[in-house]
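Reviewing the structure listed below.
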Amino acid sequence: MFFLDHIWLIPLFPAFGAAVMFFFGRKLQKQTVSIVCVGMVALSFLWACGAVWQYQGWAEANHHQPFQKVMFTWLGTDTGHMNYTTHDGTLAPFQADAGFLLDPLSAIWLLFVTGVGLLIHIYSTGYMAHEGGYYRFFGYLNLFMFSMLTLIMGNNYALMFVGWEGVGLCSYLLIGFYFHRPAASAAANKAFIVNRIGDAGFLLGMFTIAWYFGSLRYVDVNLLARSGHFNIGDPIITAATLLLFVGACGKSAQLPLYVWLPDAMEGPTPVSALIHAATMVTAGVYMVARSNALFVLAPTSMKTVAIVGALTAIFAASIGLVQNDIKRVLAYSTVSQLGYMFLALGVGAFAAGVFHVFTHAFFKALLFLGAGSVIHAMSGEQDMRNMGHLAKKIPTTYRTILIATLAIAGIPPFAGFFSKDEILWQTWSSEGGAYRILWLVGFITALMTAFYMFRLVFLTFYGKPRMDHEVEHHIHESPKSMTVPLVVLAVCAVCAGWLGWPHSLGGSNRFEHYLDPVFAREAQVFQEEGKEAQLVAGEKEEKHTNPLEYGLMFLSVAAAGVGFGLARRYYAAADKGYAEPIEQAAPPVYRTLQNKYYVDEAYDYVFTGRRKIGDVRLGAMGLGEASSWVDAKVIDGTVNGAGRITRLSGKISSWWDKWIIDGLLVNGLALITHPLSWFARLLQWGLVQWYALVMVVGLVGFVAYYAWR
Amino acid sequence: MEALGQISTLHYLVLAAALFVLGVIGVLTRRNVVIILMSIELILNAVNLNLLAFSRLYGLHGQVFSIFVITDAAAEAAVGLGIIIAFFRNKETVNVDEVDLMKW
Amino acid sequence: MPDFLTAYLQSNVTPGEAGSAFWALIYVLIVFAGISVAVMAMNWLERKALAHFQIRLGPMRVGPHGLLQPIADAIKLLTKEDIVPSAADKFVFWLAPLIILCASFTTYIVVPFGRAHAITDLNIGILFMLGVSSLSVLGVVMAGWASNSHYPLLGALRSSAQMVSYEIAMGLAVVSAVLMTSLNPSGTGTLSMIGIVQAQEAQQTWFVFKFFPLGFIALGVFAIAMVAETNRAPFDLPEAESELTAGFHTEYSGLRWSLFMLGEYAAMIAVSSIAVTLWLGGWLRPFPHWLAGQSWDLVFSLFPGLLFLGLAAIAFVGVGRMPKHPYFKIQTAGLAGFGAVLGLIGVVLFIPPVRDRVQDIFWFIAKVAVFMYLYIWYRATFPRYRFDQLMKVGWKVLLPVALGVLLLTAVAGILF
Amino acid sequence: MQPVATTFFFYLLAGLAVLGGVLVITRRNAVHSALALILTLLSLAGLYLMLYAPFVAGVQIILYAGGIMVLFLFVIMLVSIEKSQKEEQFNKLWLVGLLAAIALGGLFIGVYVKGKALFPEAKVVLEEGNNTQGIADYLYGHYLFTFEIASLLLLVAIIGAVVMAKKRI
């Protein structure tokens, strides 16, 4: 139980690394920096493996309870000084522990965050080797690891919020890592500000939970939520979950707050891989999954999650169809895949959503790292229009990216096939016709995904070389420190999906069973109460092993094939000035997609106040300016007018006081007194020796009087 | 020598009176504060001489009192000189008639 | 007339008590001459001792082993041009060395070289000594101010601050010794120098050993304070060459400067005699009670003559070791003559009446000589204090210690 | 011991004392004034000895000449005297002051002459040998309270002097 008891060390290792970088980083050699930072993350990873392994044994003995390790009370006291009134009038102590919680859900996150994080750290030592601010980069990365681990290991919402804000900060710092580039700094600001909207939602949701349940601990909240005291559709819980979901939208880049993620690609590529693809952006998914007990009590919220997820998926995928920047394609792909995950959560397939997070972490990290490798080879070129014919020149990168593409496109037996298929099947098999529409949306998205991913592969690795001669000359395979993580991730991208091999294909779906202690109890509750529910996940699957599932499976594989075919047809032999098929077919659609549906422009008009018509500012800022004008001219004018009148009367009164009261009555009297008091002044002249003289004269007088009396 | 006669108490008293008057003149006429303080010492010594001259007639009490007077003089010198230093630091002068802040 | 002379010699009182102006004058002359000779000897001794501390020879040219060096120095100083700075305050400049000299020599009025060998015995003896020696501060301040120069002024300020500060610790240490004199059945103590020594005789102990270690600590405080009081190393800040060239007497030269030197050495001897009188039993010979009796008295009374004979023997050994070159003929003869004079004095000191009368003086001077040697030793050994350290030692160490010793002495006096 | 040549020494010391007093109040240079004052004080100490007050004489020397006057010299050196030497030495009231003081002196003489008969002719026998002990008996016996108050006065004076002279407390 050693690792489990000291589970608190897992986040502290990278924190230590970050602290070392903060205090001494400037003076350390690059090699030392690498050893310290990578070593700390490796320690975390090993410790996490040990802890999860020991948790298995512990859970067997403890009815699959979550393991909690409370270090100390972090906020609030035990003395009752910080009590607050909950909604039903009882007092609850405001208390947030510095406590850690380990259950299957956080175990999965723990493993892939530390694992993928370790690989990306190693990759970074190669990728960043020639960049300035090496120690700064690794310090931020370690700080990020600390925050992310705090987020997923905290045993209450408050501690989760600490990690939530910490990863936001690190995201900001790392997007703006090249702070001398205005675009990077603007992107960092954008990410931070957009996230702030989401964070406000999270905070409000958290407060609502505290007020409604009287505690912030997951264990307490889950216990109460599952106790049956609350009706399904309870308005307060609906509000709380919706607010939490706003937070998730911000962090996980869902509509309408997704706009920061594509811009976040301004950061270094390993950062994009680690933070903006594999780990941080899944924090929203984690939070919704963690709050599953609440979400199932709020069907409206579930529907919202599902619809927003589906819309985000297709929306982002459609933009990804026409992007030319290799990292942007991947960024929109990430947004789209996140949409998938939320779709799964929204239809109640929590385990499927988590499974997709798990597989996605590997292949999307791999894609980004591969893209980084390509960019490295291309001397910083990111535009796919200027690539081509790289397959032979960087074979390792090519092969690994191909594997990842196959995985994300949903080709069996790669990882993406299992998770994506699971999501689509769960969506289809949910109750109600409306969910079939969501399935259709997901299906079309899968088609688009296959198309743009293979477009990426063909434009990058096939066709004619379209780059400058200079650049072509320099193309080279990346160093070992970069390729080895690629290979490891490629193996994971192939194999990770096998953990969730579905029953319908003769597997046992171990992944979902592993998560049963977290999610399955919800299914139980619904079944027993016999209410209309949108899912009965665990049970349902075994019942519905019917031909339809195989049909749907075939359809999605066929969609991937169609995507591959289309991409091959249009891009396999792309030369300079190749034609975009969508542009040829429907130019307005192409322009719209190329401009990302003009969402940024719309935000500019409505919120940021950057647009003007004449002198009048538009949007929310314009409204502010207008009210400011009213305040300055009308309200203040009135106030100033009142002030002027007061001043005038004051002047009159002052004149009266100065000349009549002071002048005539006070000073006049004094002027008369002054000459009259001359004789009295002789006694107090202010000259010491005068006093002495008076004394002596008096002495003479007295002595003379007494002597000759 | 003998023409001047035996020295009596009156001789001492007259000498003390002379010193006293000299001290008073110093206090009343000099502008330099330090010299005024010294004149005060002169006055105190005249008093001491008086006390000792009378102690010749009435016993040791006068001597004891002169000890007290010397103690007093020491205290007075310490405080007075402290005041002079503070005064000099503020006004860059030691002239007593330039201390006229209280004068209207 | 011979009767007049012998009558006094056979009495056992000081000239002051005897009311004899003639003998008082004789004593004053003897003391003045003796102190002057002692200062010269001290000067020679200091240079030689310092030189040997530093593994060199010191004065060797003038006379055998530089014995005549002080005389040569004196002639040089007396014949030097007397320079008075043009911007100096002439009168005060002239007055300052005289004040120091007078203050130093006036103290000897009450120094008891023996039961009958003091010029007079004042009732307020120790108070008189402290008071008069404190007047030398005035001389220092006047010298520093009258020179109208920066270094002397700084030296004078330092010196006066130092002397005024250490006077307090010194006075408290003295008071604890005076308090010890009152530990007799009548309960009244004394300030008289002779009375203090007699009190030690009556109490059968030197005050340095009284209430051990109280007396010892008091002597220690006094011994430190007296070094500071005389501006000697390691408390020689007022004359620190490296900081103030020569302190308050920078602008002095020739005769006036030699007056300062004379005054300084005379003051050293004076304060040492205070220490000897107060704590080391003054003229009392060692172990007067343990080694009592007629024969022991005789043995101890032989010491002065033996000392001089020993010195004569050293001189004659020196004669034997003189180079045999004709150039050294005069020097060899001179040394032999000096040895002969010493031997003669030694022989005279064995004459019983002289022996009885002189042994007090011998023991007193021997004890003082120890302190004088300590002065030289300090100078050779200790580095100079910094001024703030000096003040700290004076006010924060010596003063509380002396006060504590005084209180404990009072308590011990009541208890025992 | 019996004072010798009383008349001569009285006139000598009295003359020196008065001379010193006159110099104190007439000198331009404050250092010279202080030295003149020391002369007066030492002459007075001699007179005290003649008045059978050796202890007071000793205290006079050690405290006045050795202590207070050094303090005076110190302060005179601290406050620059060049400027004050060039200024007017006497204030505008000097004539009035002089006249008043002389009137006071005349008055004293007149009073002494008039009241001469009041003094007892017989002098008290003062044991010179026990002078210090006698004073001590009075100080710690009859005047103990006064003595304590004097010590309090000194304490207050110490604090006062420090407060006055220190630049910043």
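Read from first to last, the chains carry the letters A, B, C and D; within each, the first residue is number 1.
Basically, a residue touches a chain if its C-beta (ideal position, glycine included) is under 8 Å from a C-beta of that chain, and two chains touch if they have at least 3 such contacts.
Everything numeric in this text was worked out from a predicted model, so none of it was measured.
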Chains in simultaneous contact with chain C and chain D: none
Innermost chain, where centres are averages of C-alpha coordinates: A
Centroid spacing, where centroids are CA-atom means, of chain A and chain B in whole angstrom: 89
Distance between chain centroids, defined by C-alpha means - chain A, chain C (Å): 91
Distance from chain D to chain B - Cα centre to Cα centre, in angstrom: 6
Chain B-chain C separation of Cα centroids, rounded to whole Å: 37
Shared-contact residues (touching 2 or more other chains) in chain C: none
Residues of chain A touching at least two other chains: 689, 693, 696
Two or more partner chains touched - positions in chain B: 24, 28-29, 96-97
Chain pairs in mutual contact under the definition given at the outset: A-B, A-D, B-D, C-D
Partner chain D, residues of chain A touching it in the complex: 689-690, 693, 696-697, 699-700, 703-704, 707
Sites on chain C touched by chain D in the complex: 16-17, 19, 21, 89, 91-92, 95, 120, 122-124, 127-128, 130-132, 134-135, 137-138, 141-142, 145, 153, 156-157, 160-161, 164, 167, 188, 191
In the complex with chain C, residue positions of chain D that touch it: 1-2, 4, 29, 31-32, 35, 38, 54-55, 57-59, 61-62, 65-67, 69-70, 73-74, 77, 128-129, 131-133
In the complex, chain A residues that touch chain B: 681, 685-689, 692-693, 696
Residues of chain B touching chain D in the complex: 1-2, 4-7, 9-15, 17-26, 28-32, 34-35, 37-39, 41-42, 45, 48-49, 52-53, 55-61, 63-64, 66-68, 70-79, 81-86, 88-89, 93-97
